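Which chain is which? They are A, B, C and D, in the order written, and residues in each are numbered from 1.
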Amino acid sequence: MGILIKNGTIVTAGDTYAADVLVEGEVISLIGRRLAEAGQTVVDAAGKLVMPGGIDVHTHLELPVSNTVSSDDFFTGQRAAAFGGTTSHIDFAIQPKGGSLSDGLAHWHEKAAGKACIDYGFHANVTDAHEGIYAELPELPEQGVTSVKLLMAYKGTFQVDDTTLFRVMQAAARHGLLVMVHAENGDVIAELTAGLLAEGKVAPHYHLAAHPEAAEAEATCRAVSMAGISGALLYVVHMTCAGAVEQLAIGRAKGYPVMGESCSQYLIVFEDRLQGADEDPFAGAKYVCSPPLRTEMDAEVLWEALADQTLQAVSTDHCPFYYEGGRDGRPPGKELGRENFTRIPNGLPGIEDRLVVTWHLGVNGGRISPNRFVALTSANPARIFGLYPRKGTIAVGSDADLLIWDPAARRTISAGRQHMACDYNIYEGLEVQGWPEKLFLRGRLIVDGDRWLGEQGGGRFLHRQRSEWL
Amino acid sequence: MGILIKNGTIVTAGDTYAADVLVEGEVISLIGRRLAEAGQTVVDAAGKLVMPGGIDVHTHLELPVSNTVSSDDFFTGQRAAAFGGTTSHIDFAIQPKGGSLSDGLAHWHEKAAGKACIDYGFHANVTDAHEGIYAELPELPEQGVTSVKLLMAYKGTFQVDDTTLFRVMQAAARHGLLVMVHAENGDVIAELTAGLLAEGKVAPHYHLAAHPEAAEAEATCRAVSMAGISGALLYVVHMTCAGAVEQLAIGRAKGYPVMGESCSQYLIVFEDRLQGADEDPFAGAKYVCSPPLRTEMDAEVLWEALADQTLQAVSTDHCPFYYEGGRDGRPPGKELGRENFTRIPNGLPGIEDRLVVTWHLGVNGGRISPNRFVALTSANPARIFGLYPRKGTIAVGSDADLLIWDPAARRTISAGRQHMACDYNIYEGLEVQGWPEKLFLRGRLIVDGDRWLGEQGGGRFLHRQRSEWL
Amino acid sequence: MGILIKNGTIVTAGDTYAADVLVEGEVISLIGRRLAEAGQTVVDAAGKLVMPGGIDVHTHLELPVSNTVSSDDFFTGQRAAAFGGTTSHIDFAIQPKGGSLSDGLAHWHEKAAGKACIDYGFHANVTDAHEGIYAELPELPEQGVTSVKLLMAYKGTFQVDDTTLFRVMQAAARHGLLVMVHAENGDVIAELTAGLLAEGKVAPHYHLAAHPEAAEAEATCRAVSMAGISGALLYVVHMTCAGAVEQLAIGRAKGYPVMGESCSQYLIVFEDRLQGADEDPFAGAKYVCSPPLRTEMDAEVLWEALADQTLQAVSTDHCPFYYEGGRDGRPPGKELGRENFTRIPNGLPGIEDRLVVTWHLGVNGGRISPNRFVALTSANPARIFGLYPRKGTIAVGSDADLLIWDPAARRTISAGRQHMACDYNIYEGLEVQGWPEKLFLRGRLIVDGDRWLGEQGGGRFLHRQRSEWL
Amino acid sequence: MGILIKNGTIVTAGDTYAADVLVEGEVISLIGRRLAEAGQTVVDAAGKLVMPGGIDVHTHLELPVSNTVSSDDFFTGQRAAAFGGTTSHIDFAIQPKGGSLSDGLAHWHEKAAGKACIDYGFHANVTDAHEGIYAELPELPEQGVTSVKLLMAYKGTFQVDDTTLFRVMQAAARHGLLVMVHAENGDVIAELTAGLLAEGKVAPHYHLAAHPEAAEAEATCRAVSMAGISGALLYVVHMTCAGAVEQLAIGRAKGYPVMGESCSQYLIVFEDRLQGADEDPFAGAKYVCSPPLRTEMDAEVLWEALADQTLQAVSTDHCPFYYEGGRDGRPPGKELGRENFTRIPNGLPGIEDRLVVTWHLGVNGGRISPNRFVALTSANPARIFGLYPRKGTIAVGSDADLLIWDPAARRTISAGRQHMACDYNIYEGLEVQGWPEKLFLRGRLIVDGDRWLGEQGGGRFLHRQRSEWL
């Protein structure tokens, strides 16, 4: 009965200490020294770290985009997440144009149902700000959804105008919702893009020219300022550059209730990748995402911000597309934009690699402590998105989402070994130290080394509480 | 023949020295020591400073606003300016909805014709961004107009969207025009205003709640960022607060070609004035302008920015309305908003007081030198708006726009003595030291103490060159 | 056997959750839900918080200063600390002039022996940098002393010169010691003081004029820069002002291994206190400490720095002197400086009030979370000073230093009820919410409400490990 | 009689305009358009700029250092300055140990007497702060000396301690003197140097390791803070790095009366030069100066500071030594340090190249305007050091120190063509555009292209007024 994890070192956002952990049912029931065995399954974690399972609050599984869909579904994507040490994620339920937020949520519930093998929640993604949504917002928490996302870019599809953004913020402030924004100035991007296309500039790397850093910094300032005025809790997703971080820091210094995340890719994969390779000039398409990859200097600023709590979390914005899609049963992918960079589906695979990449660069690189690693990848996401203390820590009463981490294991990241449904990996060839050895989801072992022990349907919808401002 | 100004101390943006100035015709022909008299009119400036006439690049004479018009026309306003030591101003020619920029310019030329008694230029004010204006922009310089203004606020009337602003910036960058912006987020203001009115909050001071500092800081960041992306030369008008200055400074530190002004009122008249008085709660209406008055702490930041060249100029945004208008031949005024602060015409009188207020607070207050005073009120405006070295300095060959300044004179500012067409003065009772004694416009004495010697029609249109980035 | 704390909410630096805690012997042995009682002493903590005991890393018990000694000895001071929720402190063992660091440590061991009733450690305080100390430094860790303090002020007594400071830093970097500095420019203070005395300015408030903020900011920059150059781990004690915090932040942004603390008094007691009262002009003497009290604006900056991890800890610099000393068996006190502010013994009582004041202002005031409170007052001090995870958290295996905190209790601070050996309290009359209810030292209940259950000799010397950089 | 400069464009700190300049005797008597010729010597400046002669406020001619002396005397050094467009300089009169400031001044007056061929002034350089100097300080202005320099580095020779620095600042504040400091922490440098030598690290490039940026930033903060406390006007010489500029900027933002200069070498010659060359590893010795050369990133920060008035001036710290000295009649030079970098005489040649290098990098490089160039190299130095308006501008009544500048001339800098007494040039091979064509000293033509027309004894001592804070 139960599981007894012995001899490990527990690492949470706040603490590091040697102790045994007893799991009974789905939760942690006891933490002690040299706990006596009494019929439990015993796991020896000697030399290993015992951390809370990762929480990725920014993913896009089965996301329809023009002419195709992101290539991981709720099973393949979640399984890949689990292989990377992640036990919970939150996906974006897209409001259909003309429809309601609930329509979007219902649709996403369908996608996940029966497939899910880790726990999952939804953000309500506003795309069409008709009057109806203002009636829905107050009722979202009852559905376990306490965060609303709006996009300031993707003109003509997802983009909302300032009036909508501000109205939603006012409503969010009133009803205790967290507002998430994709912060880029979509109007500027649209103009730049039109100019580039008019000049016949269609190669993947022109994506960079169309998405300047200042367009992200600007939109970040705009969202931060509106949050300050409205009092809404704000979370800026996928922050990539020094200019944007500066704006968030200004807002925080003024006491505005604003937070932000970066994603693991922005910490190590840089804009030069967009140039492609001699043998394949189009290979830059693999790295097309929005906001785009930036520079190493930006990454240094991001790391400082992650270390000093200007930023609170590392997520992935996982949204994979095959480089060579549209054949062999694959949905269409990056090849859609071979003649025109604006048709390249935006997004990168990454849900599987977040923890190992962040640990390697951050902890091994001397930039953050193991405790801060847990804060950025699990504890803060749990607190910000209303899952704490159920998720995000190792404490009595918490869900037994336990990651047994081998800090000595060395591996080389490669698409050949990955579980994400994608034909390339943006970290290809990166040698890392530190790897997930075992992963428990609410007390059940779902990954053991390279073995998959989870099951479709084993994941559960996360009915979230209100957000905490960190 | 000619005028010989003897024994004065010349003060320009760069220099302070004792010399005589000979004016022949409309220009300065000679600067020397103890110049021999030879039949000229001799002016003894012993103990006085000789400075270039002031240049006010932000005024609104005869500006139609809903239901009324600003109360100074091109004669009364310019005469008041002259009494305050100003010899040139630049007004905003408003594009009529559906019409062309040239229509606006033609209309403003008409207003000025025959009335003007000092020199004047026009900025082209975009209000309706149809395709036609993009054809007009390249041709503006031929008309002597090298600056284009857009407003990011006043939703439904003047406000332009980001696409328009960015397109105009791109065109401006291509054709060497300066872009001016009123930087406030009009969408946010509209939402806040609607909310206040819905709650029955109609008193003048609610104007403040509708125009938070962050809405100005945000829009400043947006304009600055777009200038950085497009390469357009930007000049942010009437900056009022620490948050906006911070955004301009960030842009300048990045090398973006951005500049800004404040106005004299923001340096000494603060937001508490909006509260009105016990005996007249509506008196706050006198102080309603946009952006609104701010705090003393903001004023300190503005002074620092004016001193260290983060800001380049002090103007007035002169746009007067009677407190008790609509009778005795006065156009309707502030009383229009007695039941609803949003109907109070926005604007303050000030064209007459700019130099004395700025000198008193700045030079006497130890915040800036006399040279910096000239830079902020004359030399920089001349350079930024393509008038230098014709205007803005005392140099051989320059227009003889000469201000004889008595640094010892003490006066108390009062509506009773002012020349502006308005029934109140925002600086009422302020005792200042330093006052214009004589003013020459291109060699003609137009003000001598309290006497008016100028003439309607004596002012001339300023055909401006391209702007200089300072 | 053992103690079982039931029904409480555990609050650590990282977590907040409901659980029971079992203490066996001196350590925490088990954390679980609804732990079964089995003969232990049961403490019901329902509605209460269970936090790790406070750690005050900056105290001066029985400190000899010219002509007197601080009025709390190792018993009275520690008992007062315990009544305030503190279970560990670190005092400064002063090297005698001409003697060794070990001489100082031996002397302080003697002071504590037999009196100590909570746990205690020592910092080695360098006052005389002869060659001998460089031989001693590498051996300090074996004695459980891993931090060395130097003073940049107190010319003629404690002050060291830059050469000494830098040499000690180089040695510290080599041998893994933490360097602590009192950062004020003693030379400047000496000159200002001499000037004041020469002008007959002897009242207590001239202490402020002698200790300007810039003298602290400067010395902070100097210490931070030397730490950056030498690679030594630096901890700046009792930081008081915006200028000093700015310098620490600059160093941290450059990646220098520097940290700092403030003290509770600087967060709420301001420089106006030095003025004394009408009825007792000398009363300002009660508030003479170095660096001096500052302004409310400085306190706001300190709070921001404490919240965002620019500062890591809140301590007290407890160093009490009677206001009316030298009679009734009291050692001489503040009255020594009645004729000359420089003879007022520098120091304030505070060891007892740190937690309640910091909680009230910080947590109740909305500036920090309960978790951050624990970080600042217990967890960070433990990590920085080599005591973690033995101290500073509630985790299995940690010492059972447990503070049962009643967040609802309201009390008014008053000298009349305090346990510190002093005839006044700097927080007199402050109403606070949140109070220590029970305190356990390594499993023994030593304070229960207002009852003292500890014993002289029950405290133990803390043999510390090397420091951690946070 | 007199000189008439026709058809040129006058460029001052504030203005740019076309005018003729009439010189009568030693001063500018008239500025006008198309001035009539009347027997004067006419100089046609068509296509040329007419600027005030350069002022170099930081030079060391005939400076004795251990075992040698800087290689330019008051004739060769001043002649070289003149060939570079400089008409005035201020040298440092070193107080002899045990002697008075007047002794130093008398000695330097002797050095200059009979040799001087441009105008010159002296700063009083304190090296020995006995009581006597405090009696001398108030009397320096009568001798035309209004600035006092102290060094915070060069332990054992020039370095003063904080008490001395602060006392001198207090006296300076009282008596209206400007305090100049060499800001590096000499104690830290001494320790680092001893450590390097102990490890046998004697090559020139170890000079860098001995003079870290943080040692300069620290000392800058210290001097700035003391200026803020004492109220003394401060001028930090030869600022080289981002950290130091940051500290100056902090002081200026607080309103402290502090200013600073950089030198032309720090703008383009970087620390990699210290490495020497494969064929001559010791060649790095040519570039040994203190503070040392820094990085290109530091240069960018310096340029920003020079452009935005955080820094006010560009000087040279001219202090040349032969690379191969001690033979052929040359004084010993850089070879003195062949076995030990600490014996390399510190200093670089540069008095001749300041204007052309600063113009080329600054004006041609788009970093500053021609007006700002004049401000940094002539007008600001004149104001700060009490020479304005006699020097530093082109205005009626000012000395006719006139530089006819050819902005189109292209030249390559080379030791082969230089007039400085040195066997190398740090800018060797640099191609510049913009070159001095003619130079007038108080109305006398002393340089005409490559011809020397000046005369020994033609230079005059500058009796300076009190300083101005910019």
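Note that contacts are C-beta pairs under 8 Å (C-beta built on N, C-alpha and C of every residue); 3 or more make two chains touch, one makes a residue touch a chain.
Small disclaimer: the values here were computed from a predicted structure and weren't measured.
Enquirer: Taking each chain's centre as the mean of its CA atoms, which one is farthest from the centre of subunit C?
Expert: B
Enquirer: CA centre of subunit A versus CA centre of subunit C: separation in Å?
Expert: Here the centre of subunit C sits 41 Å away from the centre of subunit A.
Enquirer: Based only on mean CA positions, could you tell me how far subunit A sits from subunit D in angstrom?
Expert: About 56 Å, centre to centre.
Enquirer: Using mean CA coordinates as chain centres, what's the subunit C-subunit D distance in Å?
Expert: 50
Enquirer: Viewed as a graph of touching chains, is the assembly arranged as a line, ring, star, complete set, or other?
Expert: Ring.
Enquirer: Report the complete set of touching chain pairs.
Expert: A-B, A-C, B-D, C-D
Enquirer: Which residues of subunit D touch subunit C once you look at their complex with the stated criterion?
Expert: 161-163, 166-167, 170, 185, 187-188, 190-192, 195, 212, 214-215, 217-218, 221-222, 225-226, 228-229, 243, 246-247, 250, 254
Enquirer: Where on subunit A is subunit C touching in the complex?
Expert: So the residues of subunit A touching subunit C come out as 10, 12-20, 22, 29-33, 252-253, 304, 308-310, 371, 375, 379, 389, 393, 395-398.
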